[in-house]
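Contents: one structure, followed by commentary.
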Amino acid sequence: MRYFHNDYNRMCHPAVLEKMTAAFHEAMPGYGMDEHCAAAAQKVKELCGNKDLQVHFLTGGTQANLTVIDAALRPHQGALCAVTGHINVHETGAVEATGHKVIGLPSVDGKVTAAQVEQAAKFHLQDGDREHTVQPKLVYISDSTELGTVYTLQELQALSAVCKKYGYYLFLDGARLGYALASRDNDVTLADIAALCDVFYIGMTKGGAMFGECVVITNPVLAEDFRYLIKQHGGMLAKGWLLGLQMEALLQDDLYFKIARHADELADILRQTLQELGYPLFVEGSTNQVFPVLPVSILPELSKEVTFSPMDRVDEDHQAVRFCTSWANTEEEVQFLCQLLRKLSK
Amino acid sequence: MRYFHNDYNRMCHPAVLEKMTAAFHEAMPGYGMDEHCAAAAQKVKELCGNKDLQVHFLTGGTQANLTVIDAALRPHQGALCAVTGHINVHETGAVEATGHKVIGLPSVDGKVTAAQVEQAAKFHLQDGDREHTVQPKLVYISDSTELGTVYTLQELQALSAVCKKYGYYLFLDGARLGYALASRDNDVTLADIAALCDVFYIGMTKGGAMFGECVVITNPVLAEDFRYLIKQHGGMLAKGWLLGLQMEALLQDDLYFKIARHADELADILRQTLQELGYPLFVEGSTNQVFPVLPVSILPELSKEVTFSPMDRVDEDHQAVRFCTSWANTEEEVQFLCQLLRKLSK
Amino acid sequence: MRYFHNDYNRMCHPAVLEKMTAAFHEAMPGYGMDEHCAAAAQKVKELCGNKDLQVHFLTGGTQANLTVIDAALRPHQGALCAVTGHINVHETGAVEATGHKVIGLPSVDGKVTAAQVEQAAKFHLQDGDREHTVQPKLVYISDSTELGTVYTLQELQALSAVCKKYGYYLFLDGARLGYALASRDNDVTLADIAALCDVFYIGMTKGGAMFGECVVITNPVLAEDFRYLIKQHGGMLAKGWLLGLQMEALLQDDLYFKIARHADELADILRQTLQELGYPLFVEGSTNQVFPVLPVSILPELSKEVTFSPMDRVDEDHQAVRFCTSWANTEEEVQFLCQLLRKLSK
Amino acid sequence: MRYFHNDYNRMCHPAVLEKMTAAFHEAMPGYGMDEHCAAAAQKVKELCGNKDLQVHFLTGGTQANLTVIDAALRPHQGALCAVTGHINVHETGAVEATGHKVIGLPSVDGKVTAAQVEQAAKFHLQDGDREHTVQPKLVYISDSTELGTVYTLQELQALSAVCKKYGYYLFLDGARLGYALASRDNDVTLADIAALCDVFYIGMTKGGAMFGECVVITNPVLAEDFRYLIKQHGGMLAKGWLLGLQMEALLQDDLYFKIARHADELADILRQTLQELGYPLFVEGSTNQVFPVLPVSILPELSKEVTFSPMDRVDEDHQAVRFCTSWANTEEEVQFLCQLLRKLSK
C-alpha cells in the first residue's frame, strides 16, 4: 500500500527522531522554559528577521487556533474567515466553545480577499444597531489553504492593510505553511509573514515533526500573558522541550523547507499526470494537496493499492478526492500512483 | 408622527397597565414563585391542551434564546437555523457566547424546511470524521419569522417528524407568535405548537406587554433544572410576578390574539395599498411586518411623517424598508400612511 | 401578615408607578436610546460629579454582575471577592459561566480589605509558575454587603489604592447602595464611589423600582463596547425607557435616598428591640438587613404574623434569621414586629 | 546536579523510546483510530477487568481534566474537590473556562471525604432557593493527591457510594496513579478504581511516557460522544498512535507499576533520612512526592547539588519543599541527597 490520504500518517522525519534520541538523557525544566525551546525560538526569530516577536510551542492546530483566537478577542468579537476555513468546518466548534462566532465568508479557492474584509467591516460599522451583531475583530486565513492554494505577497499585503485600517488582527494558520512557502506559486517569505501578520504559526505536525505547532506572535498586545491562555486551554506540554527539540531538528539546514519542496514537487508530478489523463482538479493548487475529480468507477481498484481521502461527490459518476504528499513519500510511490491512474483510466 | 419602525415602541396595552396597577399593593414571593405566574402558567397549559408542560417567564427574546439553547445542548452540539434567524444575525453572538455554534441554512423566506434538516443530519452522520464537526442537535425556527412569514401546520409537522427521527430538539422562537397565529395564512393552533415543539415561547414584549417572554417546555428532558439556567444567565427577575401579571392580562378574553389580529389586519391594509401602487414586497408575508421595496427618492418625505426601519438597499434607486404594526396603531394611522404613500408616488 | 423576608416583595414605590403611568402614551426608540434613559443618566452624572462616566440600565443584579465582569476580564483572569460575595454564593455560577474563576477571600463581615487584595496580588506575582494559576484582575465588593455592613471612605480609598497599584479593577455591587449611603455608619458619597471605583451600580430593584440596576462606568477601558456585552448577555431591554423612567422617578427630590433612610431607621428600631431582648446579632450592621440569632422555639409563632428569611442554624436551639425593611414597610409594622418579639420572648 | 524538582524532567523511560523507534516506519490512521491505541486500550480493559469501558488518550492532565468535566456537566453544575485539588489551584481556571464552578472543600491531606460530599449534597438540596446556587454533580479526587497521599479502598468505596446516592459522578485524576497503586499504604487495584469511579485516568506523563494521559470511562453516559469533546478542546492528537505506542510500552511486563514502585521506594529512603534528621513532613505520605519542612539556612547549599521545588514558607526560618522521585532517579542519587542533608544538618 502507498499512503496519500494525508500528510501526517508517519511518525516523523528521521532527523527529528535522531535529535530526540540524542537528547534522551537530558534533564530539563518543564513547560517550555528550556534551552531547546529557546534555541528554536531564536532560530525562528532569525528566519523572521524580528528579534522582538514571541514564540510558543503548542501540540496541535485546533489547540493553536482556539488559544490564539481566545487570547485575541473580547467576548462580543468574532473571527472572519473563508467558509472553508478549518476553524469553521473541522474543529467541532472549538472557537465557538471559547465564546466567539466564526463568520464565514464565501470562497471558492479557500482564500479570503481584502475586499471581503473591507466589505464586512463597512457593513458592521454602517449598522446603526451594530451592538446587536458580532463585532469582527480578527481575520483568520490559512496558507496553504484547506484547498491547497497559496496567498501571494500582494494578497497578504492587502489583507494586512485592511486589517490595520479597521483595527483587526490578521492571523495566519500555517499548519501547512512549509508547503505554501515551497510552492512554485509562492512569492512570500517567512519574514514577509512576520511583518504582515499579527500572529501565525509554523506547522510542525504536517511538516515533519511527531506533533507540534510553532506559534509566532508579532503584535505585543496579543503576546501579553499568552502562556496563561496556553495553560488554561490544556496546551502546555509538561515536557515542553520535546517541541523545542523537534523544531531545532526541522530548522537545521533548512530541513523544514526541503521537506515541503520535496512534497510539492511530488504533487506536481501527480498533477501533470492528472492533466494528461484529462481529470479536472476540484481546485487548482500548487502545494502538497491535490484534489482531482475522478470517475467513481475506478475508486474501488484505486483504493486497493493507494490511500486517499474522499471529498465531495460531484455528480453521480464523479467524486472529488484528495491525495496528499509529504516527506514520507518517495518519487517511486508517486510514479506508482500515476501509473495506476493511467492503467485504470484506459 | 406615526410610528411603524417596530412593534415595541409603546409601553404596553392599557389592560396590562391596569392589571399591574390593580395589583400594586400586593406583597409577593420573589423569582416567579408567586400566584400570578402560577395562574398565567395554568392558562397557558389550558391553551396548549397539556397540563404537564413547564412554563417560565423571562424578560426578553435574546435571553430566552440563549437560555433555552444552552439548557438543551452539550458542548459539542450546535443549533441549525435559517441564515436569517435572529440568533444568527441579531443577538451579538449570544448563543456562541454559551459555547455553541449556530449553523445557518440558506433561506429566502426566513423559514427552515424539513428537507434541509434531513440533509444536514445525513451529512453529519455520513461523515467518517464526524467528531471533527459540530453535531447538530437543535432546530431553531421563528414563527412568524424575521421576514414576517408563517409556518403551516404541514411544515411544522414535517419539521417535528425529522427532528424526532434524528433526536433533535425543535425550538420555536415565538417573539411574534401572536402575529403568526392571527395571520390569514395560519392554520396552526397553540396546541399544535405545543404538540410539535420541544420548547417554544409566546412573545410578550412584541405582543402587548411592557416586557417578557413566556417559555413553554414540553420535553421533560429540557425542563430539568431549567430554573438554574435562568438564574445563571441573569434572567430571573426578582419581582417575577410582574411577568405573571402581564401574561394574565394578555390571556384574559383572548386579548393577546385580538391584539395580533388587529395588527395583522392593519398590515394587510398597507400591503393592499403597496400592491395598488406597484411597490413589490421584499418578502411576501401576512403578519404585522411589511417589507416593501420603495424608491429611495420618496424616503426623505416619508420619514418626516412616519417612522420605519431601513433594510437592504436593493439597487441604486430602491431600498427595502420595514413597517411594523402593533396594538398601538390605529386604522387611522395606517390610512394616513397609505395616503402618504399614494401622494408621494404620484 | 407583615413582610420582612426581603426588600423586593412589593411592586414599586408609588412615585415610580406614577411616573410610568404618566408616560404611558409616549412612543420611544428602543434599547435604551431614549430621552428618559438620557435624562436619568444625566442626573446620575451630576450626583457623581463626573460628566464623562457612562451609564447603562440593566434589569437585575446577577445580569449586571456577569456582564460587567465578563466585559472587564481576559479569559485567564479572575475576580477576587469575599467568600460571602453574591457572585460567589448566590448566582448559580453566573461568573464562572462566562469563563472566569471567582476567588473567595475569607470574611466574617462580608467585606474585603485592602490588605487581603495586596496579599493575593503579591502571592500571584511571587509565583514562578504564575501562568498555572488564575490572574487576579478585578476586586468585587458589595456596599452594603450581603451581611448588611458598609464600607467606610477610608476602606474604599485603601481598596482603590491597592487596585490601582496592581492594575486591578474595583467593582462595587450596589444592589443595596442606597441602604449603605443612608446608614448611620456611612461617610461615603456617590461622588466618592464614582471617584474610587472603576465601575459600580446603583441598585434599583431593591431601592424602590419594579426592576433595574443602574450601571456606572468610570474607567473608559471598561466602557468600550459595553452595549455589545449587554446585548450578548440578554440584558438589553427592548423597551429600555422603562428603566430610564424609573430611575428618573427615584432620583427626583432625592427619593432614592429618602427611601433608604426610612428603611435603615426602621431596621435600627428593630435592632434596638433585639438588643433589649438580649438577642445577639449574627453580624452587626446599620442598614436595612438585620440578622438576629433567635431561639428556634419562638419561630413557629413568629412566622404566623411576620415573614423573615432563615439563615444558618447556629446551634440546636438557635437559628440566625434575616429581617429586611424597605420603603414598603411602615413604622407601625416594625413596632408590631418588636412587640411580637417581646411577647414571644417572655 | 541531581534532579528531584518534579517527576517529569526526563524524556521517557528507555522502553518507551525503544517502542517508538521500533514503530518508526509504520503508516497509521490518524486521531487515535489505530491499532496501537486499540491494543493499549485492550490491555487497559484487561487490567480493569471490564471489557465495556472506553479508553481515550489525551496529551496532558489539564486537558484531561477540563475535557472530562466539560463532558460530564450541564451548565449549572459544578465540581466538588479538595481546595488543594489541581483543578482548583494549578490549571489557570481551565474548568471555569468551560463554564463550571470548582467548589473547594477544606482538606489538610489533599483528600476529599465521603462525609464532606454528603454534607455538600444535603446543603444544596435543603436550600429552598437552590437554583440560585451551583448544583454539585461531580466529585474530583486525585490519587495520589497533590500532597502525595493515597486513598484507601474503604475511602473510595464510601465516596463511590455517596456519589451514587446523590447522582454525582466520581472522577479520579490519576496523573500519579502509578505512584498511588505502588505505595505501601495502598490497598486498591486498578479494577477497584474502574469499578468505583465513573471516569479516571492513568497518568502517563509522570509515569514514564514522553506525554499522555489514558482516560478510562466506565459510565456510558459520560462516554457518549466523548471524542467530539476531545477534538473541540484541542486534545485530539493528529498522530494519535504515538500515545497508544507509549501506553503499550508502559503496560508491557508491568513496567508502569515497576517504575512507580521504584520511585516510591526511593522516596521512602528519603523519608527515613528526614525522620532521622528530625525534619518534619509538611504532609505525611507514601508516594514519590516528599514534602519536608527544612531550615531556610541549608537551602542555598542544598540547591547547589540537587533540584527541588519550594512550597509554603512555614515560618521565618523554615520552608516546606518538595522532592520528587521518578523512574529516572537511581538509588545512588537518593543516597547522595540523603548524605547531603545529613552533612548540611550538622
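Here the chain labels run A, B, C and D in written order, and each chain numbers its own residues starting at 1.
What we mean here is this: contacts are C-beta pairs under 8 Å (C-beta built on N, C-alpha and C of every residue); 3 or more make two chains touch, one makes a residue touch a chain.
Just so it is clear, the model here is predicted, and its values are computed rather than measured.
Q: Can you list every chain in contact with both chain A and chain B?
A: Chains touching both chain A and chain B: C, D.
Q: Using the touch rule from the top, work out which pair, A-D or C-D, shares more C-beta pairs.
A: A-D
Q: Measuring from the mean C-alpha position of chain A to the mean C-alpha position of chain D, what distance in angstrom results?
A: That pair's centroid distance is 34 Å.
Q: Between chain B and chain D, what is the separation of their C-alpha centroids in Å?
A: Computed value for the inter-centroid distance: 50 Å.
Q: So the centre of each chain is just the mean of its C-alpha atoms; given that, what is the distance between chain C and chain D in Å?
A: Centre separation, chain C to chain D: 42 Å.
Q: Would you mind listing the residues of chain C that make contact with two or more other chains?
A: Correct list: 75-76, 91-93, 97-99, 129, 131-132, 228, 231-232, 236.
Q: In their shared complex, at which residues does chain C touch chain A?
A: Chain C residues touching chain A: 31, 70-71, 74-76, 98-99, 129, 131-132, 135, 225, 227-232, 236.
Q: Where on chain D does chain C make contact in their complex?
A: Per the touch definition, chain D meets chain C at residues 75-76, 78, 89-93, 96-102, 129, 131-134.
Q: Considering only the defined contacts, which chain A positions touch chain D in the complex?
A: So the residues of chain A in touch with chain D come to 1, 3, 6, 8-11, 14, 17, 20-21, 23-30, 59-67, 91-94, 97-98, 205-206, 210-211, 228, 231-239, 242, 328.
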